[in-house]
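What follows are several structures.
Consider the two complexes below, in which chain A is the common component and chain B and chain C are the respective partners.
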Partner chain A sequence: MTGPVLTARGLGKRYGRRVALTGIDLDVPAGRITGLVGPNGAGKSTLLGLASGILAPTEGAITVLGARPGPAQLPRVGFVAQDTPLYAGLTVADHLRLGARLNPRFDTALATARITALGLDPRQRAGRLSGGQRAQLALAVAAAKRPELLLFDEPVAALDPLARRTFLSSLMEFVADLGVSVILSSHLIADLERVCDHLIVLANARVQVAGEVDDLLEQHVRIVGDRGDFGALPADAEVIQAEHGTRQSSMVVRAPGGVPGAERLGLEDLVLAYLGRATDRPLEVAR
Partner chain B sequence: MIEFHLSARSGVSPYLQLVQQVRQALRLGRLDVGDQLPTVKDVVARLAINPNTVLKAYRELEREGLVAPRPGVGTFVTGLPAGETLTAHEPLRRELRDWIERSRAAGLDADALEALFAATIREVFPAASTSEARR
Partner chain C sequence: MIWLTWRQARTQTLIALAALAVLAVALPALGLALREGYRVDLGGCASCVDGATLARFEERFGLLLLLADVLLLAVPALIGLFWGAPLIARELETGTHRLVWSQSITRGHWLAVKLGLLTLLTLAVTGALSLLLTWAASPWDLIMGNRFGALEFASRNVVPLGHAVFAFTLGVTTGLLIRRTVPAMAVTLAIFAVVQVAVPFAVRPHLRSPITESIAFDGASAMKYAEGFSLNREGEVWVEGYALPGAWMLTGTARLMLPDGTAPAKELVEACFERGSPEEGPACLQRLGLRLTVSYQPGERYWTFQWLELAGFLTLAAASAGIAFWRVRRVS
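Our next item is the complex of A and B:
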């Protein structure tokens, strides 16, 4: 699979008069772990819902693995919705049996090996598992489908730091083994910083910036200077955010050619600059 | 075998941190020709990082002629960084130690020393540190 795993053109979704997403253009390459980052209510769950085929767009088009999301795509896409929905009354082993029954390509050996490695008791009911164990079980079931694309909505938001690390480490092992593409959302970039090589920043129903993490890090710098005086910026530079203190000013700039002497920016600061800009420029409500 | 670690606050990209840790281990003699690097899956599971990051680091080390993959077995050290290993520079290490002792006697603590050392390196190699970080 070499084409993009997800493309969107003018994609939008409204719930009644509320605009959840609008004007979304995206190309997510295959083989990446893509972080979908943005504040609560930015439209992350809606975008994942559209990608999984659970929701239908109200404008524009979305393509997943080269086709419109829908029943035909289901075996190729693994989707774990927010709060890792499981059947509380069913045991760990029941979940694997259910997965095998519902998915033609289900790899029971893979899921069982994972469950054993984690020390989960197959007879335990899902309702009695810890948050971290539930997330791990959901991951094992989703990965055992052997999908080409895994979608996770806020997989680590409810987990403590150790469970987060364990979950992400399991996910990375699956990626190393299966070569699966992944899109996972979070409202905290720090959760995803280590694992993502592609990033989509969503705020106010729109994509604020998207691209390969290495490219984004290379193209963005912070320039600090005397208040209001930054000297000449390169012609291709775009100011993302400027902050003026009493004596110094600081700007986050996107400059594909780089800015000599400027300070590098961490991924978290980069995301915050775009989110800050989005807050200053709220969505104009189309009617 | 080398144990990788990642610092979130260093501002150096994860892949470059892995590359630097291997180079440093080679210079300090903690890794030698013939030694095996951890498998991609081991690094990924231990650090919870993207497999592509590890692959990119190993490819970079391969490009530099420091390691080579043996299909189905793993990645092995095949060479040492140019400019020999640091163990070959025992006299320099002794001088540096003397200098550090003198600095401490002059009232500088470890933080001040590291800052002074880093600033002086940037003075002597103005391009090196930034061009490497950019790559």
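Our next item is the complex of A and C:
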């Protein structure tokens, strides 16, 4: 694939005096499913809003598919906003028609096939669909637009576990079929772990860590030892989080060269370590 | 986008067309009854019948015409409330703007189509109603000679179009700024009501500088054009409701004065009123050379005023739409 789908340099967004994002530097590679994780209010929606062009940055610069987000980018970027907004009074078929009328490259055959495969009644009003069906319809409309980059803001947050799983497998099918890059935000790490190959951890309006999931897992370890006694850490190691119990201490360490004998970390623990460092607020973990 | 706008406006369009269909029967029926009444009750000549016959005719049709006038005044407000205010506010409230704005068309394009098509619908509905009422009420307006009346002026010819387009864009912009449907409706109604009251009383009379004229008080014309005249305790004579045919009188009552602008002596005036018969009083005042000063907008300015008011309201509508286009690019 070509260069990054999204580049940010010193990117920031304020709403009045409230800082939603600040000092964001990112390079999101093409052809991946990128997970954007962080607690509520971390700035995930703002980052996706900036990428989609719905919001304008107040500082720094953002480049999406090689250009600044704007009218020219609209056909190239698909965006499904939080709560998957749909017109409650319009039918499933109306939504496909809306997509076909408003997008030059709309793939009606793809969308229709998707709706049929899901068993949705085209005459059903969107307002009467279940949460899972709404998300699927929004996904079908966004994907049939044939964008180069698809952005999803918390698409599964309101769904039950089964609907979440179905939605995410639909998403992965689309990615495989269309070769589209995806950025997906969620506060549910378990879901991201299943589908993402690139991860951005966002908290307190800043990027805490970003990288390929495999690299991140390789580089992070947990070291457990007697309280206060860890021996020598490798020179390139960075302590992300340390917990001290009455007798034992435990540290999460980023060590690109590895630490001999240390315990590998799951993605969830890794994310929690970074969030723990960034904020005292606990992250919601879904099972 | 045209399809989506139509799909979203389908229900309201059908309701409007149904209401229009009812009125397209009712208003011509009123017009025909009015013409029939004019022919039969008044014998085709309003100035030929006595006061009582004319009063019966007025009583028979006055209320219906009042209702029709009020309807034409209400339609723009209803359009502003139920078409204008929810147009964007409903999208912002339900979040669907984030769906439609992530399609391949710009927000400006989206707003332009929505605003444009519904403005056309507004013009069509209001235009049809105004045409129907203007035709239906034309014999009545001719008899009453009150085309400049606050209700009559705003419910005939082209002025209702201006009111309706303004109310609609006002609703749209208010909805975009407030982002919630019901408060936007309330604010739209409040602003539009203030404008509809302020314009006939504070703005319309000044669209052209009125003609101020000093008219010699002669008994015959005073009896013909005025509702009456009276003498008060201070010995001032006031002429009430002096109305030139077809003109919009801005002077309600006018005091009789001497040609040099001074007040006539109290004794002279009182003497005139002491001479028993009703004809002699005016004739006596006429002999004193009294004049009254009235200011008015002449009847031939009617169409100037219609077009000026239409242009004024369309300008307000354009300004309001301009704010909407500016604002829609900044909404998140």
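As a working rule, the second predicted complex is superposed on the first by the 278 of 287 C-alpha atoms of A that agree within 3 Å, B and C clash if a C-alpha of one lies under 4 Å from a C-alpha of the other, contacts with A are read in each partner's own complex, and residues count from 1 in each chain.
Definition applied: contacts are C-beta pairs under 8 Å (C-beta built on N, C-alpha and C of every residue); 3 or more make two chains touch, one makes a residue touch a chain.
Just so we're clear, the structure is a prediction, and the values are computed from it rather than from any experiment.
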item	value
Superposed partners chain B and chain C on chain A - clash or fit	fit
First, second, both or neither for A:Asp269, with chain B first and chain C second	neither
Touched partner set for A:Arg194, first chain B, second chain C, both or neither	first
First, second, both or neither for A:Met172, with chain B first and chain C second	first
Vertex chain A, arms to chain B and chain C (CA centres, degrees, nearest 10)	150
Touching partner for A:Asp27 - first (chain B), second (chain C), both, neither	neither
Partner with the higher number of touched chain A residues, chain C or chain B	C
First, second, both or neither for A:Glu212, with chain B first and chain C second	neither
Touched partner set for A:Glu59, first chain B, second chain C, both or neither	neither
Which superposed partner A:Phe79 touches (first chain B, second chain C, both, neither)	second
Which superposed partner A:Leu102 touches (first chain B, second chain C, both, neither)	second
Chain C versus chain B - closest C-alpha approach in the superposed model, Å	25
On chain A, positions contacted by chain B and by chain C	none
Chain B contact footprint on chain A (complex, rising order)	31-33, 165, 168-170, 172-173, 175-177, 190, 193-197, 214, 217-218, 258, 264, 266
Chain B residues touching chain A - in the complex, by the definition given at the top	6, 8, 11, 13-14, 40-41, 44-53, 133-134
Interface residues, chain A side, partner chain C - complex	49, 52, 54-55, 71, 74-75, 77-83, 85-90, 94, 97-99, 101-105, 138, 141-142, 145
Parts of chain C lying in touch with chain A, wherever the complex brings them together	1, 3-4, 7-8, 94-106, 332
